[in-house]
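Note that the chains are named A, B, C and D in the order they appear, and that numbering of residues resets to 1 at the start of each chain.
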């Protein structure tokens, strides 16, 4: 082992967890070895890894295009690329990151892998459908990549009409087909989760014994089911519009381009919660494990997930305050958007209360989780700024918006994704990564992220519009700062890719429960057996049954 | 002042009372944000140090009335932020109600330029000169895709849509040179669709109008020429061979339609009738013979034509002819 | 096709409800078609919409047997319509209040 | 007609009990139908918005639709729902052969619907009511917004027809499986699940017919 210097890391701190792998059949990774056994597997754990590999590839594409965008913005006069190339770069960045990384990121990988384990099931309810969803995903990805290879798309990820239907001369239709198809993959995943969580729970695993991770994925799946079909039909109309000029969104025939925005945001605002809720689930697992303390306010946190998933359907119009929506609608959407603060506050304050008087280990997953809480709070509250009508009139479509949603999507989802990846990597692969490297990259990412995106809040308030390739020279300093930060961020991203992959072959073998965490997934071997549970799983009487608990009874705990 | 004077600026200039109040709004909101977040950040950091594993610390918990705690941290921040909803909505409504004496600038967005027309007829491309101390209303429309006219100095923007007019108003109170942008992504040269806003005193503005000396006679005067060039009079002038409704004094009048409804001949009606006369609003007692001018008449010409029809001149002109 | 009288009896016992459902649907359809063909009074669309809503409810409750399903399935059958209502209501807030 | 065979569902390995498996299947289909409902809701919403923004044009367009073919087609689909219910009832009795006949009748009625729809499209084509064809003149050129509604009508009915076609294909494939003995002993719930889907296509048409043909007259 090369990691001799850090064997005192937390990984092996707990000596009592028995390695339950001994004496049993092969784990899911070694059950079969052929290529066929991967590409035609119906094992939810293997499908999760197929997804993990695919979305990592898309993350790389998205990150490279982001890097090129930041490179272009180092100079104000747009001399690095042509305007056209720049527009294609940010469009690819947006489309790939939103639909091919962020939306499937946590649900399709961790959700797929962990939900059956957490609820004590042998698999998801529809294993073949699960595999089919990956193939659907890859088909959508194929069409999107075709549009990129043919020459790209320049509409922005929002595909606003009539630019996307009547004016853009790029490969819009293949990109639209790709996004439409990938929606079905989301729907199938969501359907599978909803049915699994309802019907496949182990005996005794009642709703209020489920980990919050399962609750948030249930809420996410509802959004998948209820929101995705609306954008599917909006994109179908858009494709028909572009191919046959049906005119529904085309003002030249009396159609209304704002109607497309309504249909688009009916999905795309809830889609933010498709990205955020699973991240909240991950954080709700990590924080109690590393505080060794029961999650504070369990029921409130669980209800808050469902609350967020419902309220999010009433707020989409806050994307359209200055887009020709009626004033009355704007006011209604504005006040409803403020209501989102309620369940979000529940989450954040309960995590903080969980840390209080815990017994904290500041390992890599916990570092990510603490970073997540800070960045999510900033992202969420700047969201309230944007929901304020008068402020929105100023900062709509400026870099303020860009900074805000990157705080939610990178500071939130990506940090939760990385935190979860480190937390469950021993479970996925049966190996420990090198802790010191993990901590270094967590700190690098946190610093790099803030240097990249905080200046963008200022740029936005100064009035720099988003999607600007050529910009006034007075904004150059902050743009250079932002680009410099993105290089730190890039280094922070590259490290985990190296040491996590390295750990698969050379890492120290992981015990079943390296973090002394609670939850059924930690009662099986690392990596888990092919059929998950060798004996009937025993549902815990209480979720998050950690040594330290704050209780109504006033009983003392050590 | 040149906008590029400062290499690093941290706060944008403001040139209207609304802009200043928006600044106060966001500053106050930031104070609240800090009040809500700093305790969380401090607490997380402090707990992380104080309660690290191995640190000797009191980890005992007494009885906690968690429902009360939960409800208070759900509701208190929410109610506090609602103050800012009300404040923001109030400012928003003020910015939606233009005073009656506002000077009207017509703006047209198209890929990738802005065209502004002053009430006196002068027009400019991408740049805009405006007087201070005078409410200004911008009526705008797009000729192609959706654009968005954005004046950071007024903390104000509004989309220009291809199919209907939108408006915004402000009252500049500070001279200087500032920026204006298109802030809705509109295609290849989106980032080139910006310009300069020059705010000047009333006297300077009057002098500028003199020198700019574009088409004199104003919108309506230009509209008369359009009326001639499209030969509208062939049908609509009194005594014309083809029987068509007289346009004299039409604006603002009530019109009875073929389907029995009564509508007011407002600007939207005029515009609609020119672009698309057969759509839905056939005037009673007339046959449908007028060609549609959609995709025929450019938007700025249409604006002038409508301005001409609105002005009293159409009336005078036509009543003068026998 | 169904030989014995016993079998016919069993068949009818099981088919009675679907047949009645279909009859009810056809009658309601008849009402809607008649209204649509004759347009007897202004705002007839309100009546037509109510009839169409009744037809949907009939299919859900009887053809799809929702009324025999456990509460969870009933919830799923309802929730879609609730979300459709959200979509329509919030969009119409915009369109009906535009100037 | 032979008496009933045994009726049941074969347990898949990852489920604990047959009850659980059946429950999961029913819930799964309802979850799918949720998404289908929202999918069509987007189209109905678009139709409503068109009606609000261009009332006269939409009425003009709706009057050109083949009202009576639409009405007859609704009758056909209600009939197919009846035969599908019959197939479900017989599957519960274990009367596999009778069930297959009902399924074939259902598929036949579904095909009749598509045939009538095809004729309707054909007639529309002849009457120049296909504005999305760029090389063919459109009958209502004096009312440009009417083409929006007519085009939306093709998208909506086309999407519904696609669902029906999928349904018929699945139905025929299942009929083939069910013509072998022992089908009901192993897969009775497939009929129930498919029945939900078929009734739902019917339901969508029950909404689409008034939305497109009746309300806008």
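Just so we're on the same page, contacts are C-beta pairs under 8 Å (C-beta built on N, C-alpha and C of every residue); 3 or more make two chains touch, one makes a residue touch a chain.
In UniProt terms, the chains line up like this: A = Cytochrome c oxidase subunit I; B = cytochrome-c oxidase; D = Cytochrome oxidase subunit III.
Everything numeric here is computed off the predicted structure, so don't read it as measured data.
Engineer: Starting from the defined contact criterion, work out which chains touch subunit B (cytochrome-c oxidase) and subunit D both, please.
Structural biologist: A
Engineer: What is the chain whose Cα centroid lies farthest from the Cα centroid of subunit D?
Structural biologist: Looking at centroid distances, B is the chain farthest away.
Engineer: Based on C-beta pairs in contact, work out which chain pair has the most and send it over.
Structural biologist: Among the chain pairs, A-B has the highest number of C-beta contacts.
Engineer: Compute the distance, rounded to whole Å, between the mean C-alpha positions of subunit A and subunit B (cytochrome-c oxidase).
Structural biologist: 37
Engineer: Hey, how far is the Cα centre of subunit C from the one of subunit D, in Å?
Structural biologist: 14
Engineer: At what distance in angstrom does the C-alpha mean of subunit C lie from that of subunit B (cytochrome-c oxidase)?
Structural biologist: Comparing mean C-alpha positions, subunit C is 46 Å from subunit B (cytochrome-c oxidase).
Engineer: I need the residues of subunit A touching at least two other chains; which ones are they?
Structural biologist: Residues 198, 226, 230, 254, 256, 258-259, 327 of subunit A each touch two or more of the other chains.
Engineer: Hunt down the residues of subunit D that sit against at least two other chains at once, touch-wise.
Structural biologist: Subunit D, residues with two or more chain partners: 27, 31, 34, 37-38, 41-42, 45, 49, 53-54, 57, 144-145.
Engineer: Spell out, as numbers or ranges, the residues of subunit B (cytochrome-c oxidase) touching 2 or more other chains.
Structural biologist: 276, 279, 294 - these are the residues of subunit B (cytochrome-c oxidase) that touch more than one other chain.
Engineer: Show which residues of subunit B (cytochrome-c oxidase) lie in contact with subunit A when the two form their complex.
Structural biologist: Within the complex, subunit B (cytochrome-c oxidase) contacts subunit A at residues 3-12, 18-19, 21-22, 25-26, 29, 33, 36-37, 40-41, 43-44, 47-48, 51-53, 57-66, 69-70, 73-75, 77-78, 81-82, 84-85, 87-93, 95-96, 111, 144-146, 148, 150, 152-153, 155-159, 161-164, 166, 179, 181-192, 194, 276, 279, 294-295.
Engineer: For a test of understanding, state which residues of subunit C touch subunit A in their complex under the given definition.
Structural biologist: 72, 79-80, 83, 86-87, 90-91, 93-95, 97-99
Engineer: Show which residues of subunit A lie in contact with subunit C when the two form their complex.
Structural biologist: 198, 226, 230, 258-259, 262, 266, 313-314, 316-317, 325-329, 332-333
Engineer: For the complex, which residues does subunit D have touching subunit A?
Structural biologist: 13-15, 20, 23-24, 27-28, 31-32, 34-43, 45-46, 49-50, 53-54, 57, 131-132, 134, 144-145, 147-148, 151-152, 154-155, 159
Engineer: Mind listing the subunit A positions that touch subunit D in their complex?
Structural biologist: 121-123, 125-127, 187, 190-192, 194-196, 198-200, 225-230, 232-234, 236-237, 240, 244-248, 253-256, 259, 263
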